[in-house]
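In order of appearance the chains are A, B, C, D and E, and numbering begins at 1 in each one.
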Amino acid sequence: MLIVELIAQGLVQGSIYALIALGLTLVYGLLRILHVAHAALFTLGGYMGVLLTNQTGSLGLAMVAAMLVAGIAGVLMYRFCYEPILHQPPFVPLIASIGLFIASEEIYRLVFGAYGLSYADPPLQGQVAIGALRFKQAELLVMVGGALAIGVLALLQSRTRLGIACQATVTDPQMAESFGIDLKTVRYVNFFVGSALAGAAGVMVALLNNLVEPTMGSVPSYKALAIIVLGGLGSVPGTLLAALTLGIVESFGTIYLGKLLDRNAIAFAFLILVLMVRPQGLFAKR
Amino acid sequence: MLQLEGLGCGYGMFQAVEDLSLELQPGRITGLIGANGAGKSSTLMCIAGHVAMTAGQLRFEGQDIGQLGPRERVKRGIAISPEGRRLFKDLSVEDNLKVGGLIHPTSCYAQDRDKVLGLFPRLGERLHSLAGNLSGGEQQMLAIGRALMARPKLLMIDEISLGLMPKVIDLCYRALEQLRRDGLAVLVVEQNTDRLLRVADDLCVLESGRTVWKGKAADARADATLTARYLGLH
Amino acid sequence: MEPLLSARNVTVRFGGVTAIDDVSFEVMPGELLGLIGPNGAGKTTMMRAIVGIHRPQKGSVSLGERRLDSLSIDARIRAGLALSQQLVKPFREIDVRDNVALAAGAAKTRTPLQALVHVDRRAERQVALEALERVGIARLAAQSPRTQPLGVLKRLEMARALALKPRLLLLDEPLAGLNSKEASELAQTIADVNRQGMTIILIEHNLGEVMRICQRLVVLDNGRKIADGPPQATMNDAAVRAAYLGGDADAAA
Amino acid sequence: MEYEISLATAVGISVLFALSLNLITGFCGQISLGHAAFFGIGAYTCALLAKAGVPFFATLPAAMALPALFGLVVGLASLRVRADFLAITTMGIGFLFVGVVRQQDALGGEMGISAIPDSGLSKLAFMLLTVALCVLTALLSQYIRRSWMGQVFNAIAEDEDTTRVMGIDVPRFKLAAFAIGTALAGLAGALYASNLKFISPDSFGFVESMTVLSMVVIGGIGSVPGVTVAAIVLALLPSMFTFVGEYKLLVYGGLLFLMMRFSPDGVTGALRRLMARRRA
Amino acid sequence: DVKIGLNVPLTGFAAADGKSALEGAKLAVAQANAAGGIKGEKIELVVYDDQASPKEAAPIATKLVEKDKVVVAVSGSYSASTRAAAPVFQAAKVPYVVAYSIHPDVTATGDYMFRASTMGEVQGRAGAKLVGEVLKKKKVALVTLKNDFGQALAAGFKEGAPKFGIQITGEYEYGMSDRQFGPLISRLKADNPEAIYASGYFFTAGPLVSQLRAAGVTAPVIGQEGYDSEKFIEIAGAAAEGVYVTTSLDRDSASPVTKAYLADFKKTVGSGSDMVAASTYSATAIAIEAMKKAGTANREAIRDAIAGGTFETPVGKLTFNDLHEVNKDVQVQIVKDKAFRRFAVVSDPVFLAAPTKASLKK
């Protein structure tokens, strides 16, 4: 029984990781940037979700708006922050991204206050019983939403010409252009979709915790990096599986290894262990 | 079809090609030769829109295309098989071909692909391998095949026979002759001048970015100084 | 006489593809061996298996008395192999001469400690200049490889291999990208190097030059060895002609 | 004057730490996002030994040897992973270090170690020692650069595969870079512990790793003077910016970003461009 | 001017508490200045942001001592940073009054250190007394925040538990950055405890309590001063009702000092005061009062004035023992109708005695 519950809890956590990591995978897959500031968009989504729900009373509306805002912010971030330094060695965008992330955490603190925000009347807090398991409605939303978003994306990526076009821009953007691929559009679309998903994850986490804080992005941002590596870099289904696996590993780890390692360390210990056995990641294509 | 007038191009301060005038016509194969560093690849990349044009004019089917980006150029019918092949290494052979045909409707794909595979059966056996894992020659075939997928009106091939075995070189040249019959304009860079002169209609010789000889390929062989100095023939 | 290099029953598979299938051959000291075959026959793979970039699933490779199979790439190079690759990869941050000098400094870069205590590199630069001279690009010694055209880079690659002073030199399509005049010059250089005592394996599609300078040919097709013998006789072999030569066979030969 | 001495000591420790990473990332091209872990191992070694009664100078060799040992292990592990995984793997090492130390009561756990015995040196002498070690490290770095080892590091940074084909034992050289770099990081950590007299796991986390990497990148990958200057500036930045009060991190983050955005090759690059313009 | 140094976390994860602390200190200084300062001299508060990080705190302390030359210093920060700053102040013989950091090392550093609140262990023992004696629950699950705050509380609770016949069914730890407690709660539920003693700050406790209730756990939750913020009630919402909190601020206090403080705070800052603000206010006020008594020239005299004085503060009447710890009652508040209300006062001069130099030696 405990085991089943732990697995269920792991899946909830894993779904959130998946939503966040997905955007990172898209960006990494496309531009090879370690986009730490992605987590800032996750936080932004959370704030938008809470503010708009409190204003309008409609979670659905807030969710759509949060995704839009995060998506647009992501595109702007790409356009003004990354595009000019794309041809630089990888740690240049990494440091820029970290600078951006630190600064944005502070901006949230200054704009929305240090104490964080909560839903005035948190929606989706009702209980649903599935067998002997009890879930919050919000938890179910997280799992279903995560699976759906990723399923659709995976299909898009592997089955459509746009997906192939995206991958072509990775190896040789110049040649991709020479075969009629519009680099700008491809990159904007990717940033928009990835960031919007992070925004959605932010709203959902806010639902689970009823709290958004300026620093809520820091833990997921680094863990999401671990996840995209586990998932084999750039593969959408790999990312989903890796995120869920990590969620479950953490769920058991906090209970059974908690005395040895803290939660972050468990995730990274798992990552390093996996890489030693499978240097190409858990679910890499090759 | 394509007119270059006083074309100049280069990298930053460095001028790779100067004052190049050339006319490429449908149904004709033009050869571009010259020693290492003469500026052949730069010319091709400039026509494709990747190297900055610093002087002159570029007209395709009567329209000035000098200001267009590479995307517009391929849509108008200019395709390139570049130096170094520059395949999409992490995509399969099939996906590379798909990208080649991206500007055309999906319905054209199967037909175009079969044409390419007919030309290079070896690629058919490797359809699902990653392009980066192909052998040198296979990569060259794929690069040419990918350019063909764009259904170009003007096809540019850099170092066409590089890394190919004699049998495949023959195949390639025979394919060029077929393309010529289909009315394409073809611009070929080739080190094996001897082989090139047997199919080319026109020839242009570059040295250090300047045109040193231009004319009918048939006349080139007759020109003794040319053969001795630039064509590297014995 | 003992062979310098012997490859025995080498098999290399990539997933489902068998790139080399049970191939054995030997190279005698002082020999210039041509390794030819259609595109995708497995020549490059064979070369890389000898150097250790690919690990054969089966078979073994020895250099003289020494079994190479358990050695890492760099250990094999230090044991006396040198490779000039099909795809050229110079170090772009240093000039042409220092690219070669780095290879010439093999004795000083054997271990980190040795590398740490040595600073002087005049001797290596001298060796580098000589190697560049040999392949005909000494005048470009101070240039950055970044902007050099392919033809120059091909020769740079070969100069680096020469500077290692190997017992066995492996050349993968060194003539590709050169015009006929340059190709024959470089082929002559290869022949000269060989005459001075260097053992060489040459992969090349330029059959004219191969026939001119090689003493023996090994032909691969589809991962298998289909012929092994003196150039003229091998080229007359029906199977080889069918696999390798197009309508142009006679012109090339 | 007193305050300036304390500041100079802190800055010196940062410079030493940054130079140690510069050896690994700047020279050998191996990106490390977990370098603070080695700084931490050095600090903990020094602190625990000092508490056990070992005199300060005797703790230093151990505080270098132990991180170097761990550095070798991490180096060995990192040899196995693909190049673009290395960043995340080393980042994981950083988290692992903090995560493990936190849970070990023997290492002071979450609470850290306080009341670390004094080095026995006066403030001024300690500062001079720190500065002297910085200068030595800078000289060593410059020497390595010029030696054959520096050549090989450059080659590895640019293209590992080709370096191997030239007969160079790439793994050993990488390990050497890790060992030297982590040993020096450990030395910096020991100075840190004995200067502050209090350490806790939080001081060796991801943020510290990133700060030191920023120093290297902003200084201009591989440039010893550049990295030194960047380390000095970035170490002073927080105290220079106390007047911005609660905007401190905003300014810091913003500067990191702007620096990378407008001068990606760091201070060295910016200077070079400035010189070029003046000459032109 | 007379300078008082203050280290607070204005940025980073603890920024929320830092902000409260700063407001408290500012209020104390403003009131003192309005009342004429110290013998006519104005008081200036020199504030630095320590991000609650020891790495930042030590240089800040050095700067306060060596550059700003403050007469006394106040910590409005967490234990980690306060512990790192303490040796610097001690070495420079600058009296350092610590508001709410609870680690024993602080006062153990030396004779210039003072703590204006109860140590973590003491509060933990008070928690045990509350659970065992007042609430009469015997099977308790321990949920501990893994930092010095949480661990000190847990240690105190475990120390006191046997005395009240409390059996600890299980101890669970979590990290400062955790907000998702699913696995922990699943496991805890299996123990079926009668009460849950859970340490944390409002930003961890809010999600923890709400997730506990959502998972169907109805056992009462006992928190500590870390919970003591209106924000806790906002985050946990309905789940906050009935949560007990051991703290130093009694919002229903009859003491005129406390009442006046609560009113003044509300007036100047706009929101209600929490424990952090009240403690930092108190610590600052103690420093000011000591300076009034001993003058500002002689730090030794100021130290003695603090050590020997009795101070009426919003968190109670404080005197310092030989270890410079205070003995005071522990307030128990309960959340009722979205507000903290007095529930009980735990007082036991022996059992809740602060450690002394003698007890520390043992």
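Rule of thumb we're sticking to: a contact is a pair of C-beta atoms (placed from the backbone, for glycine too) under 8 Å apart; a residue touches a chain by one contact, two chains touch by 3 or more.
Bear in mind the structure is a predicted one, so any value in this text is a computation, not a measurement.
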| item | value |
| --- | --- |
| Minimum number of chain-to-chain contact steps, chain B to chain D | 2 |
| Busiest interface, counted in C-beta pairs | A-D |
| Chain located farthest away, centre of chain B as origin (C-alpha) | E |
| Chain centre separation in whole Å, for chain D relative to chain C (CA means) | 42 |
| Distance from chain E to chain B - Cα centre to Cα centre, in angstrom | 76 |
| Distance between chain centroids, defined by C-alpha means - chain A, chain D (Å) | 30 |
| Chain centre separation in whole Å, for chain C relative to chain A (CA means) | 48 |
| For chain C, residues contacting two or more additional chains | none |
| Chain E residues counted as touching two or more neighbouring chains | 11-12, 15, 146 |
| Touching pairs - complete list by chain label | A-B, A-D, A-E, B-C, C-D, D-E |
| Parts of chain C lying in touch with chain B, wherever the complex brings them together | 14, 17, 37-45, 86-87, 147-152, 173, 176-184, 205, 207, 244-249, 252 |
| Chain D residues within the chain E interface of the complex | 2-3, 6-7, 10, 102, 109-112, 114-115, 196-200, 202-203, 208, 238-239, 242, 245-246, 248-249 |
| Partner chain A, residues of chain D touching it in the complex | 25, 31, 77, 80-82, 84-85, 87-89, 91-93, 95-96, 98-100, 102-103, 206, 210, 213-214, 217-218, 221, 246-247, 249-250, 252-261, 264-265 |
| In the complex, chain A residues that touch chain B | 161, 164-165, 167-168, 170-172, 174-182, 286 |
| Sites on chain C touched by chain D in the complex | 51, 53, 72-75, 77-78, 82-83, 85, 89-94, 98, 102-103, 105-106, 108-112, 114-119, 121, 160, 164 |
